[in-house]
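After this come two complexes, each holding chain A, first together with chain B and then together with chain C.
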Partner chain A sequence: MATTTPLTQTDRERSALERREIDASCRVPVLYFATSAAFWLLVGTVLGIIASIKLHSPYFLTGSPELTFGRVRMAHLQAVGVGWSAMMVMAAAIWLMCRLSRVALIYPTLLVFAGTMWNIGMIADVVGILSGDAQSVEWLDAPSYVPPFFITGVGIVSAWTVATFRRRRELHVYVTQWYILAAVFWFPWLYTVAVLMIFWMPATGVIQPVVNWWFGHNYLGLWLTPIAVGTTYYIIPKVIGRPVHSYYLSIIGFWSLALFYSWAGMHHLIGGPIPAWLATASTVGSMMMFIPVIAVAINHHMTMLGSFQRLKYSPALRFTVFGAISYTAVSFQGSIEALKDFSEVAHFTHYTVAHAHLGMYGFFTMTMFGLFYYMVPRLTGREWASPTLIRVHFWCDAIGITIYFVSLSIGGWWQGRMLNNPNIPMPNIIEYLLRFLFARSLAGGLIGLGHLAFALLLVANLMGWGRQRSGGPTYFVEPAPNAGDVQG
Partner chain B sequence: MNTTEFINRNSADFMILATIIGSVVMFGGAAVLAMGWAFRHRQFENFQQGAQSIFGPDEPIGETTDEFPRVVSDSCDP
Partner chain C sequence: MDRGMVIFVGALLTFSSSWLGLILYPYWQMQNEQPYAKTPGDDLYPRPLGGAALAGVKVYQANGCLYCHTQQVRSAKFGNWWEDGQMKTGADIRRGWGTRRTVSRDYIYDRPTMLGTMRTGPDLANVGTRYAEAWHHPHLLNPRAINGWSTMPSFAFLYTREKVVGGQKSDKALKLGREWTVNPGYRWRPTDAEWAAILARRVSTLPDVSQAATPNPFNLTTAAGKAELLAFWLTTDEEDYQVIPTPEAESLVAYLLELRKAETPLPEVKE
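Let's look at the complex of A and B:
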């Protein structure tokens, strides 16, 4: 719905009413998915901090088998990777698809049912893992009784997203819609096939890890990444009121991601007992990922050019831009890590853990926080209750993930160098790593503090404690009255 | 290897092959269909219009939606 003709007040009011009606139609399911996601984020944070502390203080919480490192770490991964991330992805997909298609959501109750299926699956997942029912397959650690809940939940959400798209009144398919449609098509297929080939009708031998990492990497690249990148393509232009710099580049970025990303998973098995061509093809696919990443990076930077000053005020913009910058960084790093020489050092070390958290936290989670700050007030009609808490949230998370990434990258790299040197005894390597593991726990504590602030803000908003939206948004800092425009 | 093991192993191999080929056909086929649909519906023709499609009369280009003060010119390159 481009705006090239002069607008009347009636046009504005009609359009605003339509947007409000669309938001109202998806309020219940989207808030349900989003608050569930936030809950699992908190659960995952606690589990992550416990797991982190255990790595440098092994006698911490040793009284029960439920809290041993192996279980807690798996439960952390599932809570944040499948609870927080997937539920947030589904919230974003529903809301953005309704807005971009310019249609109200039909039968929202069914989506609440889908969210409940996912939540039941998550409870069984986390409790089951802590009770000792985990499967020893990374990213598919959930006990065997969990997948039917997830398949049902995501199946409904995918069908509803496509149904919403088919009812669209906006004829042009915006790039964000391409990303969403691709994600809701890819993920149910990926998950069902992976569960089928690893658990229900298990493939034999080396095929299992191949399927495992085909799923594991594509879970990030064909499920979480498309939705987060699609979100940045919506939030950044909308907040600053400027169309994306090059729409052509954004389309190139989408189709090249669709073409190359699914090759990349085998770089997790470099050095493993898989056919050499498989690892090499994966390395090539990983290097080709430079194309969509550079396209997205140029586009976001050029769109923001002249508007960076706005980061001082808008929480949604600041979180989203932080996520977009992290996307460029983590993707470049990921492509380099797929090179065999580099992998000889970095593989199986904390360097990879740092990379994973830059992607899952610096990129995905920060982008989703940006969406939260933009979306929730429009759904509840209330602004955020406290700019101070938003500042606490942002700075704790930003500083926390920076400490996390820097400390584990340095520690992990030297860990790899030392592991490759047969003259260095293993205890020396462990002792060397302790300082970096302490730093990781510190970072985890900071991030946890940020999440606490975020949870308080969310609860306050849902309880109606913020002021009505008509009074203007909650800024990080209030713009000076005469400063007017804050264009940078 | 007895006959049952042979059949089981081959049926497992067949399943794997069918899944891999099925995935390639499904992913590749869906991408080709989607691109064909996009070309037929002129999705790749007017990029300018595409970029502007997220704006509307109530949230037009040039106005921020985080409701920054709109006092001074808030120019943008359309």
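Let's look at the complex of A and C:
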């Protein structure tokens, strides 16, 4: 990317043609993964809203075992945390790997098979949990018959990624590719070890929660985060037409994330019945996470410097930058949260739920929406039907996650303070929290509205109800003539 | 970094470090932890669950109880609350959730180990010492029958409401006012018309019921008297119907009664 040789018009046209050919080869498998992901996002949103309402209005939809709070909450986490996130991560990995390696997609049928494995697994997962087969192991609630589908699916995608990488025609390996390669290697290992040590050959006692949180934290840190950070490294320079600020900062960011993130998980068990050194080791790992996060933040900020006005025009850029800023915020917060004194209050409260949603939604999901708005028109050849709907989508989600985060952070903090004061009885804490939980339901409704706009746009695009892509990308407003070569 | 091998080896090494440190080493350290007996020949603690309690684990798992209830009591030195100048409060123990902190040995037979991460409700590590079976069943049917402020879901689907046959109620029938049992999981109250019909149909027996229970009979000629009678009547058992726990409810309660993790002294608990 960091080339300084001026490109001739012929060079540009040749690259554009090559990209179009690669995109055409990606169309079916990548859209299959991406639309499946979007479907699970919608399922998860409905489940999330139901679970949220139940926390302040216990008579809401009570009476059927399928819709009891615990099951809906587990199904919500599986639908968004595994269905949406993992399938979207795979869609991103497949498309970006093809583009950055400059090779047409190989073995499309195999990828469709892998996606189908994942979809079958997800149906069995959500239906199984709602009908009473859940495992009650956070992030790993999928019933016992589900993991083989996931392992097969992701195993194929991982092998495919390596095979594509080995066929690369571009000699320079871009930072996004490092993240993709590492993530597709880490996740199958992580998942298999976790399933093995918790379900297939259960380890003794508290080793299970140790494995559980090593998995739970690394699922975000070594599977979703690398691909989402890799996506921001791709989308931001592409849209604003400038190379990444510093190659060396991206190297520091990558290797320090690889080393420190994987050590951070045990802070979920601070104060619990595990050896104290385990939690301490993870607190150190969490503090060291400042390094990769600051490296990435500086790199993105310096890349964006002078191009912030383009947030007005480009939907892809606006979602991606929102995600990148949330990444910095949620990571800083996470490092502080891992400190023992802080955790003594925040642990076991909605504060942690707010933090998790800032990461999974504010960072990961918003970044992936950015990728959607950039990628899908290039795959379908159609532009987005309505900039207004994109605007509705953005503002509903941005305001929704803000209300969500602020209300639960405040409520959760005081919940923790009150839980630590033995003179405050439980009923008072439960009653105090109701207003914040109600605000969270409102936020969830707003986010759901945004997702509805997103789903309409996606369906319209897939049905071919937009203008041809050759007319240039969809903008919120047309850029001023001197705004430069805005590309997305 | 243009070589795939560099990325592969680096990713392998960094990830292996945490795998060795956070997983394999604790595995080696704790995998063979044994139950404890104060002197040889004493009863061992902990003991594996059996029978109904073991089946109850599945009910607890299937319904996600873990997402509102932890099973871990933290140390007397844990928890910072500085308002009264006392830095560490050990709130878990002072709330009566256990007499001591829980340690790894308390969990050696747990499959899976459900420590939990959220306290929407109280900790359950030691709940078996706090409530009896007769408390759990009405509470599970509708927690608001016991605690008006509760936001816990009604687990009415673990109970069946059936007609009493032969005039004799089952021993297992829940002793709970009809406002909680007519429509299990909800709080029932007749409409004005229904109440008028009930009064008209049973006017001969109702005052008897009320008079048996109160020194002052309700004056059914006034609206206030009728309202008082309604309030009282709602708290009495249904005559023709009973609510019975399903085997699932019974095993869940058996499991809850076995949760006594923070009770038996262990040598490593000393702080």
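Throughout what follows, the second predicted complex is superposed on the first by the 470 of 488 C-alpha atoms of A that agree within 3 Å, B and C clash if a C-alpha of one lies under 4 Å from a C-alpha of the other, contacts with A are read in each partner's own complex, and residues count from 1 in each chain.
As a convention for this text, a contact is a pair of C-beta atoms (placed from the backbone, for glycine too) under 8 Å apart; a residue touches a chain by one contact, two chains touch by 3 or more.
From a predicted model like this one, the values you see are computed outputs, not experimental measurements.
Novice: Putting chain B and chain C on the same copy of chain A, do they fit or clash?
Specialist: clash
Novice: Name the contact category of A:447: first (chain B only), second (chain C only), both, or neither.
Specialist: Neither: A:447 stays clear of chain B and chain C.
Novice: Between chain B (first) and chain C (second), which does A:50 come into contact with in this model arrangement: first, second, both, or neither?
Specialist: After superposing on A, A:50 lies clear of both chain B and chain C.
Novice: Is A:86 touching anything from chain B or chain C once the two structures are fitted on A? First, second, both or neither.
Specialist: Neither: A:86 stays clear of chain B and chain C.
Novice: Check the residue A:269 against both partner chains and state whether it touches chain B (first), chain C (second), both, or neither.
Specialist: So A:269 only meets chain C here.
Novice: Is A:59 in contact with chain B, with chain C, with both, or with neither (first, second, both, neither)?
Specialist: Touch partner of A:59: chain C, not chain B.
Novice: According to the stated criteria, A:396 is in contact with first (chain B), second (chain C), both, or neither; which is it?
Specialist: neither
Novice: Given the superposition on chain A, which partner contacts more residues in chain A: chain B or chain C?
Specialist: Greater contact footprint in residues on chain A: C.
Novice: Does chain B (first) or chain C (second) touch A:11, or do both, or does neither?
Specialist: So A:11 only meets chain B here.
Novice: With both complexes overlaid on chain A, does A:98 touch chain B (first), chain C (second), both or neither?
Specialist: The answer is neither, since A:98 touches no partner chain.
Novice: In the overlay, answer first, second, both or neither for which of chain B and chain C A:295 touches.
Specialist: Once the two structures are laid over each other on A, A:295 reaches no partner at all.
Novice: Going by the clash criterion at the top, which of the stretches 2-10, 128-136, 182-190 or 200-208 from chain C hits chain B after superposition?
Specialist: That would be 2-10, the only stretch with clashing C-alpha atoms.
Novice: Under the contact definition given at the top, report the residues of chain A touching chain B in one complex and chain C in the other.
Specialist: Residues 171-173, 181, 185-186, 189, 193, 197, 203-204, 207, 251, 255, 258-259, 262 of chain A touch both chain B and chain C.
Novice: Show me the residue ranges of chain A that touch chain B in the complex, using the header's touch definition.
Specialist: Within the complex, chain A contacts chain B at residues 1-4, 7, 11-16, 19, 100, 170-176, 181, 185-186, 189, 193, 196-197, 201, 203-204, 207, 234, 237-244, 246-248, 250-251, 255, 258-259, 262, 310, 313-314, 316-317, 374, 472-473, 479, 481-487.
Novice: Per the contact definition, I'd like the list of chain C residues that touch chain A in the complex.
Specialist: 1-4, 7-8, 10-12, 14-15, 17-19, 21-23, 26-27, 29-33, 60-68, 70, 72, 74-75, 78-81, 83, 89, 91, 94-95, 101-122, 143-144, 147, 149-157, 185-186
Novice: What does chain A use to touch chain C in their complex?
Specialist: Contacts found on chain A: 54-56, 58-59, 62-65, 68-71, 73-74, 132-138, 141, 162, 165-166, 171-173, 178, 181-182, 185-186, 189-190, 193, 197-199, 202-211, 214, 218, 222, 251, 255, 258-259, 262-263, 265-266, 268-269, 271-275, 278, 281-282, 285, 341, 344-345, 347-350, 352-353, 417, 419-422, 426-427, 430-431, 434.
Novice: How about chain B: which of its residues touch chain A in the complex?
Specialist: Listed in rising order, the residues are 9, 12, 15-16, 19, 23, 26-27, 30-31, 34-35, 38, 41, 43-44, 47-78.
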